[in-house]
Each structure stands twice: as C-alpha cells, then as structure tokens.
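Provided herewith is a single structure, encoded as structure tokens, for subsequent inquiry.
A, B and C are the chain letters, set down in written order, and residue numbers restart from 1 in every chain.
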Amino acid sequence: MIALEARQLSFRYPEGPLLLDRIDLRVETGECVALTGPSGSGKSTLCAVLAGVIPRSIPGQVRGEILLFGERLAGMPLADTVRRIGLVFQDPDAQLFFPTVEAELAFGLENLCFPEEEMERRITAALDAVGLSSCRQRATKDLSQGQKQLTALAAVLAMEPGLLILDEAFAPLDDQGAAAVKQIIRDFKGAGGAVLLVEHDPEDLGVADRSYFLAGGRLQEVAQ
Amino acid sequence: MSSADPRVKLLWAVLCTSGAVLFTKPGWMLGLTLFTAGGALLFGADLAAAGRRLKKFLPVLLMIAAVQVVFVRTGEPLVVSRGTVLVSREGLWRGLAAALRLIVIFCTGAVMVQEDSRRVINALAQMGIPYVFCFSLFTALRFLPLFIEAFGQALTALQLRGVDLRRVPWRQKLHLYNALLIPVLTEALCSVEKMAAAMEARGFGALPRRTIYRPAAMIGLDWVAAFVLLTLGLISVRIYFTP
Amino acid sequence: MTAIALYDVVFRYPRGGFALKCPFLELPAGEVTLIAGPNGSGKTTLSKLMCGILRPQQGRISVFGSGIEGLSLGEIGRRVGYLFQNPSRQLFAATVWQEMLFVPEVLGEDPGPLEARAEALLARFGLTELKDRRVPTLSRGEKQRLAICTMLMGGAEFFILDEPTAGLDRPNRAELYRLIDELLAQGKGAAVITHSREAAARWACRQVLLEEGRVVA
C-alpha cells in the first residue's frame, strides 16, 4: 500500500520564488525512503508540506496533490492527519513544551482524547523504545540535545502513526541514540509502517530502502 | 501543603494579589505580607531564591517607596524644613505599603513559578476554562522567560567576543542592549512559529475536547484549604470596607 | 603552554540531579582536543565551565594561567572563544561586514583601525565575497566561520566548539574541518565537542572521554 504520495507537488512561500517544482514522490508501507540534498535545497520545507504543517500552520502556496494512505491530505481534519503522520523536526528545543518528559509524551495523546490507561501504555512503550525510561520524570530543560530529540521522537511514537517523517532527527544523537533510532525504524517498517527520512548521509545509516535527491526544486529518485 | 492542588495555590495567589491591590492601610498590608510569606513557605516556595531575585530589584523597590514618601505629604508631619513638610506619616506609611505590595507579588510569584505549568493548565481546564485559552496564556507567560534567557545568552556570546561589560559605561551599555534587542526578539519569534507548527503536528486543537493524563484531584485537605482561604478573603474584605 | 586547565572541579546544577566531576584536565594551546561522550554525559556542561559561562562549586579552573574566579566573562573572552551549537544565537548584525565591526560600533569606538583586520580575517576564512550578504541568509557553515572571525577580532587564541558537526552535510563538515585546520595554522587551539567518529579520525590528537559527568579518559 502507498502510505504517502505526492503528485506534481509545487510550493512557494508567499511572495517567494518557486521552491519545489512538480515533485512526484511515494513512500510505501513497510519501507524507509531517504530524502537527501544539499543544505538549503528545501528538504525540511518538503517535509512540512507533506505533513500538512504547511499551509495549515505556516502560510504558503501549495499546488499538486498529496495522498495519505490513499486519501487527499488537503481538507483532511487535523485529528486524522495527526493520527497518521508523526513528524519529528530538526530542532528539539522547538518541539518540547512541558516541564517533564512524561508530560511531553502525554500532550499529543491528550489532544486525541485517549483514555488514561491507554496513554499510560503508550507512554511506557515509547520511552522503552527510545531508551529514556529512566528519564520519565526528568525536567526537559535539563536534558542534553540528544535526549531532547529522543523525547520528541518518543512523543511522536506514542501517537502510533502509520507514517514517520524524520527531519534530520539523527543530527544531535550519539552512537547509542542513533542505534536506538535505527532499530526503531527497522521495527516500524517491520510492523508495516512507512518512514521518510531526511538525512545528509543516509547511506551511513543503512536503514533506507530507496532514496530521493532534492536540488534546484526538483526531485529525482536515486538509482540503487 | 507543597503538593496542594494547583487550584488551591492559584486561589491563594489571586486572593493575596487582590488584597495587595485593594488594601492601602499599612497595618493590613503588613498582615497580608506576613500571610503571603507564610503561605509561600507552607506551599514549599524557595523564598531564599526569591529573596535573592528581590535583592536585584531593591533599588526599584526603594524608588517606588521613595516616590510615595516624597509626594504624599498629608497627615502628621515628621520631617519639616523651612516650613515645608518633607516627610509625613501618611507618606511614610504609603511608601511602606508600596514596598510590601511588591513583596506580596514576589512571594506569590515564587510559589507559582515552582508549580508544574502543565498541572496548572490542566487544573484550570478541569474547572471549565477552555484548554486552548489556558495553554495560550501560559505559553505567552513563558515567552518572557524564554526571551530573557535568549537575551542572557546573547550577552554571554558578546562577552566571549572580548567585551568586558564591567568596563562599559552606562550609555554604551544601553546602546549595546538596544542593538541586541531586535535580533534576539526575531530569533524568539521564529522559535514561537516553529513551536506552533510542532504543537499542531501533535494534534493541538484537533478535537473540541481533550482528556487529561493524571488529572489533578482535590483531596480533603485541598477542599478545606480552599474553603478557609475563601472565607478569610471574604471576611477580610468585609471588615476592611466596613466603616 | 596550557590554554585551559581544570583541577578537582565539581559542578552541580542548582536543582540537583546532574553533577560533573573533573579531577584533572589540561588542554594545550595550539592543538585540537576532542571531547566526546554519550548524550547527557556532560560535554556541554564541561565546555561552559571551561570558558566561565558556568562556575564550579569546587575546584579550580584556569585560562592561560589565570584563575577564572578573578576574571570576568569579557576578560576570558579575550583569550577564549565559544562557538554555540546554534551559531545564529551569537550573530546580531544585518550583514557579514556589520557583524565583524559590531562590537566597536555599539561601543561607540572608531571601527576604522579594525577594518583592515576584519578584511584580512574574512579573506582568510573565505567570507570576502559574502561581505554584504545578510547574516540570516548564510548557511550554518558560513555562520560558524563568521562567528569564529568575530571572536578572532576580539583576540581569542583558543576556541571551544560545541557540537559543530551536528546537522552539517558532508561539504559543510569538510568546510568546518578546513576552518579548524586554519585555526591551527594560525597557532590557535581548539576543544571540539563531538560524537562524530569522522572528526575523531580527522585529528589523531588528544581525546577526552566523558561518562555520566566524569572525565574517564
């Protein structure tokens, strides 16, 4: 099944030049697709458009079509989008809003009206997956950048989306953290999830099944 | 009582700060200050840390008090010079009341700052106040500390370029702070935009209602404390305004 | 010569929890030292102690032979520069050129005598063509180079770089390594906080390893 599909997707910021030019992309369930490209090529912007953050939260002009598990993203209620897509941004500080790690993971689950017992199960499982169980009550401002990024990832995993979009999620991680995230990606794929991974050197990670290269607003699938 | 329900602490803070606004008689202000300080200790506030922060504002506190002393000259004259009343009893009392008012605000602030913001937001939401409003209010309140932290970081970076602030005259220091204000504010506002996007990506505002993980529950002692506080508040106001 | 030295240093954050202990550490001037360790091991805390942003509860830290207890941050800044993980947080002016002369301008000093030095530094670090570029439009690697140049304007001789490779693509990482090589060529030293194996292989030099708040190697 195709988890995410973009058809002739173009984008520009208000009053800005064309940043993404007629992009076709697809990510199937059970696979991890890497998105690479030089700094400033628009990879993060593409992630935000694919996740619906643009134009919902950040204004911009989107043309073309995005399908999420076969349904059009445009006009999809936020609750449905969020249940299907988990997006981890580059900057961990911009994704943490609460005093403790536990509160951080609870936030998304509360927004989607999960009952308390279900939240408890998901929070415990997500913290175990990223190796932060011992940091459950730690203050988020006392965490290192890598721990913050793992917290942000755990918060997204707790929502059990079908598609993960990781925008340079590996950047602040040490070897142990990176290994944990690679395993998460493998397990996620194995369970039928789909992953779109933005990294500078995805081949170093060894988890991607296919990759795309973004440059000059154009996207090309890279031959394996 | 340091683990008291946040609604009890909020009620106490609202009553104390309202009293600070309503009461002008120094005896009442002194009583209110002692009550607030006692409440702050009971709620586990780090008054030593609050005291250290208050020390930085001492000049401001003294200035506010001095303005009252200098400009209020009604009542029994205490210091007279060449027939002009410089300091009167009323002015002195007003100055003292102004200083005590600030101390009340610091004490209530010391308690609320230590409180888990999520617990407070959820407690308010449980009272029926729309969650979006509560969250927005607290995010807005967080903006100032975030901005102050970012400004502090900018000052650190500047000093590590070899700028010794101790040797910079006041006029240049103000010019320097002014020059840092815009870039720091711009960076802070960009962060706010990213945070808003991240919040929405976690479903903030997606559904008309939301559940609460580990909701605050008022226990017997909390109800007793709330009742006592409300009763005290009402009685105090009644007595104060009854001629 | 020792640029930064720590002796019997103990540091705890006010709210308790994490503590850093460093019985002995000397970072030589004119060389690169890598500071490595897992997330949460105290690398950034150690780096902030080394340049005086944080002050220890116990022990002694010296910068080029002078104890930091008697030095202000500005005085330390004349010898030691600190590159933040996000270099945007230490750049304040509109353009690259204005950034180089930011300090004398805001202090009301005549920037004239410093212009030649600024030109030379920009040329040395490949930023001359970007002189009139707006700072927010620079890439992260360019911002890092600019931040280093501004600290060199202040006279820094030793640099602490906090996770400079995080989030950089290969070309920008290569640029960063050239930047550090250039600093070494000028006789400056650096402490680089990183968990990048590539960086560790690049300079087969001193490596300091941190684990759970302790310097273990």
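Everything below uses one rule, namely that a residue touches a chain if its C-beta (ideal position, glycine included) is under 8 Å from a C-beta of that chain, and two chains touch if they have at least 3 such contacts.
Keep in mind that what you see is a predicted model, and the values were worked out from it rather than measured.
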item: Category of the chain touch graph - line, ring, star, complete, other; value: complete
item: Furthest chain, CA centroid comparison against subunit A; value: B
item: Geometric centre distance via CA averages, subunit C-subunit A, whole Å; value: 32
item: Distance from subunit B to subunit A - Cα centre to Cα centre, in angstrom; value: 39
item: Distance between the centres, which are taken as Cα means, of subunit C and subunit B, whole angstrom; value: 37
item: Touching residues on subunit A, where the partner in the complex is subunit C; value: 38-40, 90, 138-139, 142-147, 150, 168, 171-177, 200-201
item: Complex interface listing, subunit C residues touching subunit B; value: 51, 53, 72-78, 80-82, 84, 88-93, 102-103, 105-108, 150-151, 153-156
item: Complex contacts: residues of subunit B adjacent to subunit A; value: 116-118, 139, 191, 193-207, 209-214
item: Of all residues in subunit C, those that touch subunit A in their complex; value: 13, 15, 17-18, 37-41, 43-44, 85, 139-141, 163, 166-172, 195, 197
item: Subunit B partner contacts - residues on subunit A that touch it in the complex; value: 48, 51, 53, 56-58, 77-79, 82-83, 85, 87, 89, 91, 93-95, 97-100, 103, 106-116, 119-120, 123, 155-156, 159
